[in-house]
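What follows is a pair of complexes built around chain A, which joins chain B in one and chain C in the other.
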Partner chain A sequence: MEVVCQNLSYSYSPSSKNKKYALSDVTLTIKEGDFFGVIGHTGSGKSTFIQHLNGLIPVQNGKLTVGEYDLTDKSRSGKAKLKELRRKVGMVFQYPEYQLFAETVFEDVAFGVRNFYKQASAEFIAQKVKSAMQLVGLDFDELKDKSPFSISGGQKRRVALAGVIAVEPEILVLDEPCAGLDPQGKTSLWQLLHKLHGTFCKTVIVVSHDMNDVAEQCDKAVVFSDGKAVACGSPRELFSGLEDLEKLGLESPVTGYLTEKLKPSVTLDTDFTIDDFCDKLVEKLKEKS
Partner chain B sequence: MQAVKVDKVSYKYSEKEKLAVDGVSLEIEAGEFVAVVGRNASGKSTLARMINGLIAPLSGEITVFGNNTLDEKSLFEIRKTCGIVFQNPDNQMVASIVEDDVAFGPENIGVSREEIGKRIDFALQATGTEPFRTEMASKLSGGQKQRVAIAGVLALKPKILILDESTSMLDPIGRAEVMAVVENLRKTENMTVMVITHYMDEVVGCDKVFVMADGKLLKTGTPEQIFNDKELLDEAGLELPVPAKIAEGLKRRGVDVGLPLTKEQLKERLWKLFAKT
Partner chain C sequence: MRNDVAFGQYYPANSFVHKLDPRVKILLLIAYIVLIFVIRNFLGFAVAIALLALAVAFSGVPVMKVVKSIRAILFIIIITFIINLLLHREEGETPFFEWWIFAVTPSSIRFSLFMALRLISLVMGSSVLTLTTTPVRLTDGIESLLYPLKLIKFPVHELALVMSIALRFIPTLMEETERIISAQKARGADFESGNLFSRIKSLVPILIPLIVSAFRRADELGEAMESRCYTGSKNRTKYKKLTLGYRDAIATLVVAAAFVGVIMLNIYGVNVI
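Here is the complex of A and B:
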């Protein structure tokens, strides 16, 4: 499923006199199969944008289609399709563990499955819950009967994630999934997202603050500033125009900073991952000597 | 002068659980900038709550500018001296309007009305929350709430400031802004600062690092000492700051630039490398 967004605008106070736009005239396409970053400073519209993707925020102005679903379609049949869309576009909010509520881990993960498959048998649900927990690296037998409040922070976040992927969404959207995780928790979450990216979940869309992570993990990214999508492309394209990024209040990845500072005597043609940066730098050193 | 002394302190939340903090001893001098790092659940927040007197050690003792946290009569003084900002700002907010929330702390410790006004102005300015002054705190974004929570504690003018993962929802530039304000207060007011953080780039600039694992204090050292100790990093689940990761990558390719912890240091070393050849 491809996400196509044309001239999308949104205001939280549409009827006020001097209304402010949280999104303004956003046009962009996210292809099926992308591992797509959404970046921009705080308040630039990232969360507002992603909440449009499963209809949580209704389209006010402009056009938005996700696969065959037209989110601008306000007719009765359009609304009926919204539920179908919500199953296909899984949304993991910021600090999702703050929203766990059930008495057991099993019930928390099962919530979405029960909601989307009303007539499902107990076996069907158990099987979905079990495979989701396995995918995110949680021990089913050990944890299923525990209270979600008695487990560690990193595990809680995985429980929340398992609940979303249990219905096997084709597009997985995550709002700052690494916030608050310790370094190892962060590394293993990125690994997990890449693993999921190879399964039913064809497209991953992830909001991140950390340009080092975006350079390292994403194929493509869009940059938001003041509600506008001001740049979109691969890390190679985005981080080559660093001055522009910094004007938008964004910090560059360290590899980008160094590439810039080595100019003009040394020019590196890198994709800004640490490995590639090191390769290209060592090449240049050999050329020189 | 000694700001904090933690002496063989242990704590557990309930009888059947294991120790959350296990035999920790450490000292912090007035005006020092220290970092506490370690995995989730390694005991960092529990230690911070004990320093602030919110919970009492099970064994051992803690003094804050000479006041023992076990001494009921000193508790008010200790909480006035030592301000904590928690990770989840929703646990910190008390009033619905931003400026009332910031005023709450100073009102509570008996600051005069005129002085409170000044402190609110200062704290809102310092944290960049002036534009939301009269707004509902509940309508703000996570990052904005965190700034308000920090403003609330700055308005107390604490001699010791503890930031417990309190910038986790800010973007890197927002984090840098807040840290610059804190650094400035440390210089001008000799404020003692303790940051609990998962961001290795915040650790790099501090005087002393405390590394925790499983409730125990594994090591105390300078950032250089900590990041040069591979075994320790593994044991405590830490990682190198990005510039040091790049230096490691270069080393694996036969280019040795040492272990620079900041991007500026790494840049200097790369310049030298190319100047030489």
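Here is the complex of A and C:
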């Protein structure tokens, strides 16, 4: 499923005289198979943007299609399709562990499955829950009967994630998935997301303000500033214009700063991942000696 | 959802009413409420509404803001109006309209209008207080008014603190609620269809995370206060002291005059309707 938005605008106070736009004139395409980053400050419109993708925020102005779903369609049949769309576009909010509510981990993960597959059999649900928990690296037999409030923070987040991927969304959208995790938790979460990316989740969209993560993990990214999509491209394209980034008040990944520092003596053509940066640097050093 | 709480949100301005001492404002509001319940004929409402209009005029708050405060209880007003209109009955009256136990009579029209006016002026009056007083000043005022209760060891300061914390966290919890609703909607939760029972059941995924998060916030806040050595009212001084001024005297006189007017009307006035 491809996400195509054209001139998308949104204002939280559409009736007031001096409207402030949370999104203004965003034109953007996210292709199927992308591991897509969404970068921007707090209040830059990135959260508003991602909530458009599964119809949590209705389209005010402009066009938005996700796969075959036209989110501009306000008719009854369009609204009926919304639920189907929400199954296909999984959304993981910031600190998803704060939305756990059920008595057991099993029930919490099954919540989405029960909602989206109304007539599902008990075996069907159990099978979906089990495979989702295994995918996120949770022990099904050990945890299924525990209260989601009695397990550790890292496990809670995985349970919440399992609750979203249990319905096998084709697009997975995550808002700051690494917020509040330790380095180890972060690494394993990214590994998990890449693993998911190879399965039913064909597209992964991640909101982040850590440029290192974006450079390291994403194929493509868009930069939001003041509700506008000001730049879009691969990390290589985005981070080579260091000055432009700084104008938007954003940072560059560490590799970006290093490349800049090295510039008088060596110019590196890197995609800003640590591995590639080191390879290119070693290459240059070999050339010199 | 956010529009529903417009009732009582502080409207910043620098007006006569804003500058009144919050204690005086609270007491005058109580007096105004008593006044509304003392009123016996419609002319009395003219006095009450004139008083309200005066307060709004000197508050710098747009009239529409005050009028809109009714929206929160509009439903209650309409329901009570209809019930009073259909059920109120006095002996020996010929109804305009009668069906089963329902009847519209001259006295029921009078009575239902009376109650509706009473509710409307009550809510609008209260909203003038909350629109012109910041929550901090409001709780300061309440704390100061309840001060005498300290004599019987009533924890006045703590009560005021609880109130201001509660007020402070309303917007935070509203925001939290919206976020949780979005998150559960994204997981396919449906709050709009089904019968009453299933709709109530569908609130569980919202309420439980909300309560859990309220407790978590309370814990965090308590810890933060303890780490700043907060011990409550003992030896605490105030940055902004409440002082009475000439404005408070004027306002009190105006309300007292209205009171006298209403009582006079109750005794000598004639019912116009």
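Brief remarks on what is shown
Going forward, the second predicted complex is superposed on the first by the 288 of 289 C-alpha atoms of A that agree within 3 Å, B and C clash if a C-alpha of one lies under 4 Å from a C-alpha of the other, contacts with A are read in each partner's own complex, and residues count from 1 in each chain.
One rule holds in what follows: a residue touches a chain if its C-beta (ideal position, glycine included) is under 8 Å from a C-beta of that chain, and two chains touch if they have at least 3 such contacts.
Note that the coordinates shown come from a computational prediction; the quantities given were computed from them, not determined experimentally.
Superposition model on chain A: chain B and chain C are shown in a clashing arrangement.
Look at A:Asn54: by the touch rule set out above, it reaches chain C but stays clear of chain B. Of the two partner chains placed by the overlay, only chain C lies in contact with A:Phe111; chain B stays clear of it. Of the two partner chains placed by superposition, only chain B is touched by A:Leu258; chain C is not. When the two structures are aligned on the shared chain, A:Gly233 is found in touch with neither chain B nor chain C. Chain A has more of its residues touched by B than by the other of chain B and chain C.
With both structures placed on the common chain, the touch criterion links A:Gly163 to chain C but leaves chain B unconnected. Of the two partner chains placed by superposition, A:Gly137 touches none, neither chain B nor chain C. In the superposed model, A:Gly90 makes contact with chain C only, not with chain B. In the superposed pair of complexes, A:Tyr98 makes contact with chain B and with chain C alike. In the superposition on chain A, the residues of chain A contacted by chain B and by chain C overlap at 98. Taken in their complex, chain A has these residues touching chain C: 51, 54, 56, 83, 86-87, 90-91, 93, 96, 98-102, 111-112, 115-116, 149, 163-164, 167.
Chain A makes touch with chain B in their complex at residues 41-43, 47, 94-95, 98, 152-154, 176, 179-187, 209-212, 249-251, 253-255, 257-258, 261-262, 265-266, 274-275, 277-279, 281-282, 284-285, 288-289.
For chain C in complex with chain A, the residues that touch the partner chain are 179-180, 182-190, 204-206, 208-209, 212-213. Across the interface of their complex, chain A is touched by residues 38-41, 87-88, 141-144, 165, 168-174, 176, 198, 200, 237-239, 242-243, 245-246, 249-250, 252-255, 263, 266-267, 270-271, 273-274, 277 of chain B.
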